[in-house]
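Both complexes shown next keep chain A, but they swap its partner, so chain B is in the first and chain C is in the second.
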Partner chain A sequence: MSRKKPGEFQVVNHSVAREDGVAKVTGRAVYASDIRLEGMAYAKLLRSPFAHARILSIDASEALRQPGVIAVLHGNNLQGIDPYYGHAVKDHPLLAIGKVRFLGEPVAAVVAEDERSAYEALESVRVEYEELPGVLEVDAALADGAPLVHETSYAGGSFRGFDDPGSMKASNICQEVHLEWGDVAAAFAQAAQVVEGVYYFPMAYAYAMEAYVSIADYNDSGLTVYSSAQHPFIVRHDLAGVFGLFLNRVRVVVPFVGGGYGSKSYTKIEPLTAACSWKAKRPVKLQLSVAEAMLTTRNDDARVRIRTAVDREGRLVAREATIHLNTGAYAENSPLVARKAANRIVGPYRIPNVKVDCCAIYTNTVPASSFRGFGATQVTFPGESQMDELAEKLSCHPVEFRRKNLAARGESIHPGLRPLDADLAGDIAMVVQALETDKPLSKGHGRAVACSASDAGSDPVTSTIVHVYADGSVSVMTGSTELGQGSHTVLRQIAAEEMGVELQKVRVIGPDTAVTPFERSTGASRTTTLMGRAVLEACQEAIVQLRDMAAEILKTAPENLILERSGVAFQDRRLSWQDVLRTFFGLSDCSIIGRAYLRKVGDLALLPVFWEIGCTGVEIAVDAETGRICLERLVTVGDVGLAIHPAMVEGQDLGAATMGLGIGLYEELLYEGQQLLNGNLLDYRVPRFSDLAPKIDLLLVQNQDGRGPYGAKGGGEGSLNPIPACLANALYQATGVRLRRLPLTPERVWRALREQRNKGDNVGH
Partner chain B sequence: MHRVQARINGKDYEHEVEARLLLVHYIREKARLTGTHVGCDTGNCGACTILYNGKPVKSCMLLAVQANRAEITTVEGLAGNGLHPVQEAFLNRFAVQCGYCTPGMLLSASSLLESNAAPSEAEIREALEGNMCMCTGYQQIVDAIKYAAETMRASTGKSL
Partner chain C sequence: MMLLRRFEIHQPTSVAEAVQMLAHFGEDASFYAGGTELLLAMKHDVLRYKHLIDVKVVSGLDSIELRDGILRIGATATHRSVERSPLIRSHLPVFVDMEQRVANVRVRNTGTLGGNLCFADPHSDPATLLLALGASVVAEGPRGRREIPMEDFITDAYETSLGTDEVLTGIQVPAATPQQRAAYVKFQVHERPMLGLALVLETSDNGESFRDARVAVGCVSPRALRSAEAESLLTGSRSAVEGNLLRAADALADSAELMDDPEGSAEYKRNLIQTFLRRAFQKAVGQP
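The block that comes next holds the complex of A and B.
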């Protein structure tokens, strides 16, 4: 089948109106926090004041006597359900059982007629603790004889599953990943140049303006949950496990979501909310505050010891890294983050000898999980910092040095994985041109270009149904979540393009696990590629049925019909899909369904589904007096195969790069002892209007080289990954100061500049 | 309990409220106008911005009792016959992603354009510094406000 090229599409590849636009600008868009069910009660949580403590007793009798209180749940009254969940490791009790593992962990939930009564009754729940020595960072957690965050192993979820549940645990290691090819020792021994260093990636919170919220209704017909979850089907899986229900008895509905960025991946407060409803026998709403959301999840902060070697010709010959991830109190998605960090530290380069040891480590801190770009962000900073460090040693321009080592399209960067499906050399050339790297730099300014490649798309299990109606309208049933990224608009465009109808006639429904077919998740930049392709295939399947119906109507063989946009032609007759359905069924309001499912076979057998490219450039100005870094210029490349919606791809790239700016310059969750110091928006600094670069170029590359519809592949995370390294490399260019710890706060930069002045030389840090 | 009589989007509301109830919760829970969002409840994010007697304020920083005899506009009241030019511009320039910050942004922006028909980029950034958006990276919002200013000037026949 010949493939349409940009310029030949009717709906796709155009920046059409957003499907959710009008609802969102008029205030009519419904988010989970806006939902109010008949008879709904409200839950509030009592949280642990200790990082690590045994729970000696819980007395809820007084709380139960408070006005309006319906039920109090705690670790000692959950008999009848399996209170542990976790898609990677089932280590997470929905309320602390036996002991608490981080300060802020939910210990009890009070359900009352209204939020205020629930809140006020919290202080009458009496909990006696015996404080235990804790481990607050990775070195303490790895020390001999360290206190254990978890004493036993748990059953594995879908990702892991090789544990021996119930066996004693001997360490705080949650997950280890080892990667090795070639002969690293020999390569380092023969190398012409080696750089080596330790880099720190900060603990950060992917601030979604809508904090976690869910509403659960447990009754005789099953469990219904409305939630701000990114992955409703994984939430369903976990809920089915907790309550011992069949999958068809658990319904998870996701209305509009107020931002996710990974923080709403996987199961969060849904099991607890559902347990509240189960206990109270009422629908229950649990709405967290932002401060509570910051006690619910965060990214894995990382310490990366890494060395990289080149030969005399400036070719990369070896990379060796040890990555320590601070995973916090529960595994959540960190085992997968560990896997991705190990894979992604190679970057988009040809490196013949590689050895990576990556370890996700339990500590008594807020549990870490997904964060936009996960794994890649933590390791692209050290990897791309070292590319600039090596280029300097070789007296080679950093861009030239990268060019020399970039894998070409079709070349393998990772044995066993799909070869690279992008033209990174082309991407870099575009960034270099837009950044005008040939122009002289003002004093105190620095420029840098960096790139990354992430094995993206996750497990390609995706399905959809498309309803084609006799009045010419079409509905797409999708399990993908609309987080703001625009997935519902993109899916609508694809259906309109394939069925040959106006955009307004296509409706996108879901996700609602009771009615929309299975979709593994909405993450890893997969939706356009996988769900988009499923929608396209479902439309084509519907068209085959419609053609067969038309053949019957026209009393000829299907092969004799000529497929046209929105119908078929035969000799001098033309039948639209509408005509076909009306004639075939003899009714004007009937419909048929087209369906499609994808799985790991055929051209999707090899993982990753695609390599998500990051390629960005910055120019910064450094104020030597204050240490403040200002972003003067930003260039991103959306190497997305085909931009189904160009303006939204640009929006994703700028949004992602801005998150990179936040982590690069300001964002860091700080602990003092057991206490999270800045777990609120007053003290946790995120990017604002004033941080915006005066000059921004958002470039698109459309080589149609993905496995998604029309050659599309995903985006939305790539432009985040290289930004912190860009900033650190530009800082070095501007000042000669090399910082290996993020964020590059004014204080850190100022101190480094002062130290440099005192030393009177250019030695890095 | 205190009696609050407020005029929201041209409609009169009357409720008995507790003295400690925040205005944003009054608007969302009592008046059931859920377009006004809570993104922090500490006065930082601007998602709860409304017009209070014509001025943009963060409604999580006021008490419901302060709404007594006040004139309030929320995002639901922004459109008249057809969308407000700022709403049109946010759609046209793709300044909306998840939409959670959008209501507050729209009210801050419409209020800016009331007092300044032709704001520069720098003025837009400064006026909206108290509104956060974690999705867009802000540029599309700045573009949208500039575009709205243009269309509003064109329709009122004012030129510069």
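The block that comes next holds the complex of A and C.
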């Protein structure tokens, strides 16, 4: 079948109105926190005041006497359930058991008739602690004789392929990943130029407007949970494990989610909320504040020691890196972050000799997990910084140097993984043109271009059902979560395109694990590619059924029918799908279902599903007196194969780049001793509209080279990854100062400039 | 969701009643106006009060008047109403320029000038500028009414010299004269500014020389403060003042007893004072 090209689509490839737009701007959209169940009680959490302490005793008797209090849960009264969860390593108790491992860890949950009563009763829970020496940083955690965050081994979670947790050594190492090809030692020995450095990527919080919220109802028929979760099916798996229930007895419903950015990936507060309902025998709601969300998850901050070598012709010959991730108190998704960091440090380049050692390390800090672009963010900063550093050593323009080393489409950058499915040389040329790099720079200004390639899409297991109704309407049943990224709109467009109906006739039913078919997750930029393709295939499967029905009605063979936009033609007759269903069943309100499932076979056998490209350019202005950096221009490229909804791809790129700007310039969770200093939005600085560049170009590349519908592939994370390196490289261009630690705060920049001046003075004398 | 503990709200109809209520509830009570700082602190459980006395319902406390060359701003006038007041715009434009940049428009719409001063956050923009403008505040209590110069009003971080039985009713600021050259500048990365700096100069010869100078710095010490040494260095011929800017900034920085903290190191704050005193001077005298 020949594939439609841009310009030939009816619905797809157009920036149609958002499926959820009116509901959201009128305040009618339902989020988890809007749901009220009959008899619903409320939980509030008592959190640990210590980073590492033994729990000597918990006395909840006074709290239970407070007005309105129904139940108090703590580590000593969870008998009857398996209180540990974790998809990679089952190391995470839903409330601290025996000891606390970070300041802010939930120690007790008070369930009461109303939220305020629960909150006020927290003070009445008496907990005795014996403080233990803790490990707050990676070096302390790796030191000989370091206190252990976890003394015991744990069972593996639902994910396969991580180190057998049972073999865990008596150390704070959570996961190790080693990657090697070629002969690195020989390549460095023969290299013409080598750059080497240590780079630090900060601890950051993926701020979403909606903090975590869950409502759980545990009763005789099983467990129902409404939650702000990105991955409802993985939450279901973990809940089934905690309560010993069959999968069909756990129902996870996810209404609209107010932003995730990775922070809502995997299981968070759902097991605890469900345990509250189990204990209180009432539906229970648990809603966290932003400050509490900041004590729930964060990214893995990273220290990357890296060296890169080139030959005389300016070709990359080797890269060697040691990555230390500060994983915090529990594994969460850090084992996968470690694997991705190792994979993604290669970038989109052909490097014949590579050696990477990556280690995720437990510390007594907030557990780290997914964060938009994870793995890639931490390593693209050092990798792309070194590309500029090498270019300078070679007296080569940084863009030229990249061009020389970029892998071409179809070229393998990673043995065993899918060859590159993008035209990065073309992408970079677009950025260069939009950024007008040929124009002279004003004083104190700098420009930079950087890129990245991430193995994206995760495990391609996805399924969907499409209902086609006799009145011409269509429903898509999807387990993909609408996080604000617009997936409901995209899926609706694809169904409308395939079934030949108006957009308004397509309804998207969002995740409800009792109703919608299995979808592994909503992450790794996969939804358009995988769920979009499943919807397309389910529509096509429905069309095959409809064609066979039409053939029966028309008393001919199916292959004699000509498929049209929303029906079939045979000789001088034309039957719409509506006509077919009404005639075939003899009813006007019946429907059929089209199904599709994807798995790791055929063109999806080779991972990744696609390479997600980041390719961005910036121009900055540096105020040398204060050290403040202002973004003057931003260019992003959405190399997405086909933009199902161009405006939303642009929006995703701007959003991702803006998160990159936040980490690049401002965002960092700061610890003083065991205390998180800026765990609230007053002190933790997220980007504002006023930080956006005055001139922004959001470019799209539509080469239809993905494995998604119509050649689409994912976006939404890529434009974050190169931004911090762009900022650091542009700072170097503007001032000659090279910073290897993010964020590039005004004081850091000012200090570096002063140091540079002092050095200059010394040389002068 | 960030929760407030239970409290009762009381709505007095007069200043006298407000003061009586405070005397009655004592330590368990606080005056409450816009609540943009108080309620936030209560939500973070940093402050706990069982009773809040809502002074913004007392009529007449939000008026803005000019009398005898003095702008008289009621304590419950919001930042937004000050920012948009034609009277203040024409008689003290530097104050409007400062108010326009306080926090964000939602805070300005709700937060009051009096509340801001009584909360005495070291990052207060108005407190720094009012100090340099020679303003005073009016307090009323059982012993009557008294005026307190800004110098004596804020005594420490989050501390004022208001009696436990007094309420702030107004702010008095001398209107600008044609001889005044004033500017308020600030450096802000986070939600609160890292530095606020106010400079008020008096010139009789259209900026050729300055016969008087008042300079105040905020955010970098427990309360906004002035430096007599700096002010003396900022007095004299324009070229002399320009030559003294760095020394004046150092004098200000010295008097602030700068400290390293999460907002920045002492030496960086000194650099900011140097940079922004120069920028304030340029802004005050109308240089680009």
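By definition in this document, the second predicted complex is superposed on the first by the 750 of 765 C-alpha atoms of A that agree within 3 Å, B and C clash if a C-alpha of one lies under 4 Å from a C-alpha of the other, contacts with A are read in each partner's own complex, and residues count from 1 in each chain.
Everything that follows uses one rule, which is that a contact is a pair of C-beta atoms (placed from the backbone, for glycine too) under 8 Å apart; a residue touches a chain by one contact, two chains touch by 3 or more.
Being a predicted model, the structure only gives us computed values, none of them experimental.
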**OP:** In the overlay, answer first, second, both or neither for which of chain B and chain C A:670 touches.
**Re:** second
**OP:** Mind working out whether A:626 is in touch with chain B, chain C, both or neither, as first, second, both or neither?
**Re:** second
Subject >> First, second, both or neither for A:655, with chain B first and chain C second >> reply: first
Original post:
Is A:256 contacted by the first partner chain B, the second partner chain C, both or neither?
Top reply: first
Subject >> Partner chain in contact with A:27 - chain B first, chain C second, else both or neither >> reply: first
Subject >> chain A residues touched by each partner, larger count belonging to chain B or chain C >> reply: B
**OP:** Have a look at where A:248 lands relative to chain B and chain C in the superposition and call it first, second, both or neither.
**Re:** neither
Original post:
Between chain B (first) and chain C (second), which, if any, makes contact with A:680: first, second, both or neither?
Top reply: both
Original post:
In the superposed arrangement, does A:289 touch chain B (first), chain C (second), both or neither?
Top reply: both
**OP:** Based on the superposed arrangement, let me know which partner A:750 touches: chain B (first), chain C (second), both, or neither?
**Re:** second
**OP:** Starting from the residues of chain A touching chain B, keep only those that also touch chain C in the other complex, and list them.
**Re:** 33, 116, 289-290, 680-682
**OP:** Please name which positions on chain B make contact with chain A in the complex.
**Re:** 18, 28, 33-42, 44-45, 47, 74-76, 78-79, 83, 87, 90-91, 94, 96-103, 106, 124-126, 128-129, 131-142
**OP:** Mind listing the chain A positions that touch chain C in their complex?
**Re:** 33, 44, 115-116, 119-120, 211, 287-291, 625-626, 628, 666, 670, 672, 677-678, 680-683, 685, 745-747, 750-751
Original post:
chain A touches which residues of chain C in the complex?
Top reply: 1-6, 40, 44, 187, 189-192, 262, 264-265, 268, 271-272, 275
**OP:** Could you pull out which chain A residues touch chain B in their complex?
**Re:** 15, 17-18, 20-31, 33-34, 116, 207-210, 256-261, 289-290, 483-486, 647-648, 650-651, 654-655, 657-659, 680-682, 686-690, 692, 696
